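Take a look at the structures below.
First subunit A sits with subunit B, and in the next complex the same chain sits with subunit C.
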Partner chain A sequence: MDMLHGFGGQLLLGAISTVELAAASLVVGTFFGALGCWMQLSGSRVMRGIGYLYAAVIRGVPDLLVVFAIYFGGSLTLATLTGRYVEINTFIAGVVALALSFGAYAAEIARGALLSVPQSQREAARSLGLTRAQALWTVVLPQAARIALAPFGNQSIVLLKQTSIVSIVGADELMRKAAEASGATREPFTMYLAAACIYLVLTGLATLCLEWSERRASRAFGN
Partner chain B sequence: MFDFSLLWTVLPALGKGALLTLKLTALIILLGSVLAFPVALCRNAQSRTLRLAANTYVMFFRGTPSLVQVFLLYYGASQFQTIQHSILWPVLRDPFWCVLIALGLNSASYTGKTLAAALAAVPRSLREAAFSLGLSRAQAFWTVELPLAVRAALPAFGNEVILTCKATSLASTVTLLDLTGTARLLTSETYAPYEVFLGAGLVYLAINYSLMFAMRRLEVLLDHSR
Partner chain C sequence: MRFDIQTAKSIVHAGCVLAALSLGSAAALAQGNYRIATEGTYAPWSFKDAQGVLQGWDVDIAHALCEKMKAKCEIVAQDWDGIIPGLMARKYDMIVASMAITEQRRQRVDFSDKYKETVSRFVSKKGVPEDVSPAALKGKSIGVQRGSIQATYLSQNYKDSDVKFYDTPQAAELDLVAGRVEYIVGNMVTYFVGFMKTPEAKNFAFVGPDLKGGLLGDGNGIAVRKGDADMLSRVNAALAAIRADGTYDRITAKYFPFKLM
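For the complex of A and B:
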């Protein structure tokens, strides 16, 4: 760690924050995705419209713009509501922005997976006397989940990398720590390269987990 | 609370930013596509060294955030005296070139991977048929294998174009006034984040859906099987 001039510990702390940021965004984003998918498949035209609009808008603009919009827009909204200037929590603003982005992709993945389960499966389950909810939970969802696993995992890895942009509004994660270390040591190349290596390890581990779960999930298909 | 007239006043400035976004997108895609060829050929090469080099390159650019790549080049290059005194310095000192090079290399890794997979998926029998008709190896590659692979890779390439356009927003982090950078500047000048970011978002949507439409047209145009 001598090459990092004692900043190795700081970078590792930043890496932990990055993982926390990614995990929180993944949970909230999956909720947004489920909500978006439910709306897109809803019987109501208004709900469908909102669901599709959400996915279409978020997927068409850069995540960085969403981060800025949530951060600066959120600050103004809070200031208007409370009547005084409020410093918005960058972690929460980051989670909201990243989750909105992740949710838009997750909704598309979930909808695609649900629609790819043959309608006959649902009909067969219903004819065996299962309720609509039982048919969905015990027959359709387990099959859709396997189809969605790979794209969902890939999108999670994209999310892990995208957490870096939240550093632009000052969130205290790996990129931020690397920027601080660069300023203090005047060795930006060393620090950003170290950060890049940590990101490589994180995305590598995530890829291994994904491959393992894909292998596990495909056992049900007899291979 | 929401001022529509303000939305109109900021649109010209946003349009100027959008020009830089478009310029960057076009140049990055161009650089990425050109570099994708050697990457794809090395990935599919017989030589283990070439394969290892290409795979390491792709792994690095796909496994790290684009922001790190941009910062490594823009801020990182200044760490070395030799670079500061070399002929490369005017280029590496310029944020425009740094974004172009970093994101161009990034794009090449994604497009290269897609192209390599598409080339590998072209049936061997087609190459053998081409040989049996008297085509040379180069002719078979350029006139039979590559056109088929490019066509197969086109949908993924279309996605890459959209992702690249969105990634150019990182230019705003190294002082460039692209669409996102302009929106950021206008927000601090007008204190009107809702109007400014909505305006910028609408311009991005217009750009990206036009790009998506154009790529679909291209796919149809190149699909001779229809």
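For the complex of A and C:
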């Protein structure tokens, strides 16, 4: 800790904030992803259009702009709509921005996974007398989830590192804390190396969780 | 910024109900209650100590101004790239962050009277020629902080040099030491108290004359929202008061062996 000139505590606080941002964004983003996927596969042309537009816009725009749009654009828009100044919470704005981004990729992953389950599985389930919902829930989704797990996990790790862009609107996450520590101590190499180590530990833990889930998901397939 | 706002509007108008979730407390700031932004990674102007407490010349000046304005102030650290958008979005009421007054920034914010002179200097290996004119530095590599006044100055005047942009002044200093750039250019005082005092800087020195004026800014100002005339006159009055009663010089003496204005 001495090597960090007492800034170890600040870096850990930043790491906690990073994990909180990532965890909340993962939950909300998965919801956005499910919603996006459902719209993309919907029977309604309008719904499909909105679903694909969401994915196209978010995937095509730098995440930094999404953060700016939600945080600064959002507060100006709300001020215009309500006629008075509205403070937007940094954490919530960050989570919404990260979740919008994560959701766009998650929607594509989910759509790909659902479409890769052979149509015959659905037909077989239906011919056994299962309702459409039962067929989806008990036959199609478990198989799709297994396919989606690896890319979904991959995207989650990207999300963990992506949290650093929220520092731009004032979130005290790990990269911001490292910048502050290197500004105060003039030892950027030490501070950013420490931050890199913390990121590695976090992504390492996430990878272990993913491997465990993948093993669990493939039990039924005997491999 | 307009693009971002329009994007946000279309997202909101498209029915992104979740934006409504991000409604925090509706903060109508009572008069005499201000929020002030500073940068926070720019020692000795503004930085955070190991306890996470904001320190520095700008922070002390901000506190002194608040005292004269008889206001309760909260000082927040804000990433540089978002510092003007944050002011415009009313996240805080003024920026005390050694911000150079420029024409470009004047279009987006109003500045107080000058509260600090800015002098920029080149730094290079000891013994290089004193001439740092654009002609002399033709083909040479120069490191500079992205978005800084020195970056604009280089882009305009040193078109034949290889200008490299960095997110922080420290990153440019690291590349100077590593030999990836031959020159860096930035705020003289910042170099004086920072980089030049590090062991890595022992083979480096200031080169060329003091650079100021024009693109390099009319000194530093405190930024307030455009049209916030009431705020501006309060800040200017407080500024004049701390200059007159010696508070300003006392704060400066805490950090530097020379005057800043």
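FYI, the second predicted complex is superposed on the first by the 219 of 223 C-alpha atoms of A that agree within 3 Å, B and C clash if a C-alpha of one lies under 4 Å from a C-alpha of the other, contacts with A are read in each partner's own complex, and residues count from 1 in each chain.
To be clear about the criterion, contacts are C-beta pairs under 8 Å (C-beta built on N, C-alpha and C of every residue); 3 or more make two chains touch, one makes a residue touch a chain.
It should be emphasised that the depicted structure is a prediction, and the values quoted were computed from it without experimental measurement.
> Overlaying the two complexes on subunit A, which is it for subunit B and subunit C: clash or fit?
Here subunit B and subunit C cannot both sit on subunit A without a clash.
> So, does A:204 touch the first partner subunit B, the second partner subunit C, both, or neither?
Only subunit B is touched by A:204; subunit C is not.
> Can A:161 be said to touch subunit B (first), subunit C (second), both, or neither?
first
> Just checking: does A:135 make contact with subunit B only, subunit C only, both, or neither of them? Give me first, second, both or neither.
neither
> With the two complexes superposed on chain A, say which partner A:72 touches: subunit B (first), subunit C (second), both, or neither.
It touches subunit B and subunit C both.
> In the overlay, answer first, second, both or neither for which of subunit B and subunit C A:60 touches.
A:60 sits against subunit B, while subunit C stays out of touch.
> Is A:39 contacted by the first partner subunit B, the second partner subunit C, both or neither?
neither
> Contacts for A:196 in the overlay, against subunit B (first) and subunit C (second): which applies, first, second, both or neither?
Once the two structures are laid over each other on A, A:196 reaches subunit B alone.
> Check whether A:182 is in contact with subunit B, with subunit C, with both or with neither, and answer first, second, both or neither.
The answer is both, since A:182 touches subunit B and subunit C.
> Which stretch of subunit B would you flag for clashing with subunit C, going by 27-35, 99-107 or 189-197?
That would be 189-197, the one stretch with clashes.
> Looking at subunit A, which of its residues have contacts with both subunit B and subunit C?
Touching subunit B and subunit C on subunit A: residues 61, 65, 68-69, 72-73, 75-76, 167-168, 179, 182, 186, 188-189.
> Mind listing the subunit C positions that touch subunit A in their complex?
Checking each residue of subunit C against subunit A gives 1, 3-9, 11-12, 14, 18-19, 21-29, 40-43, 47-52, 76-79, 81-82, 85-86, 88-91, 168, 170-171, 174, 194-195, 198.
> Considering the complex alone, what residue numbers of subunit A touch subunit C?
5-7, 9-10, 13, 28, 50, 61, 65-66, 68-79, 82, 84-89, 92-93, 96, 100, 167-170, 176, 179-184, 186, 188-189
> Using the touch definition up top, name the residues of subunit A that touch subunit B in the complex.
On the subunit A side, the touching residues are 56-57, 60-65, 68-69, 72-73, 75-76, 80, 161-165, 167-168, 175, 178-179, 182, 186-190, 192-193, 195-196, 199-200, 203-204.
> Help me check something: in the complex, which residues belonging to subunit B touch subunit A?
Result: residues 1, 59-60, 62-69, 71-72, 75-80, 162, 166-170, 172-173, 179-180, 183-184, 187, 191, 193-194, 197, 200-201, 204-205, 208-209 of subunit B touch subunit A.
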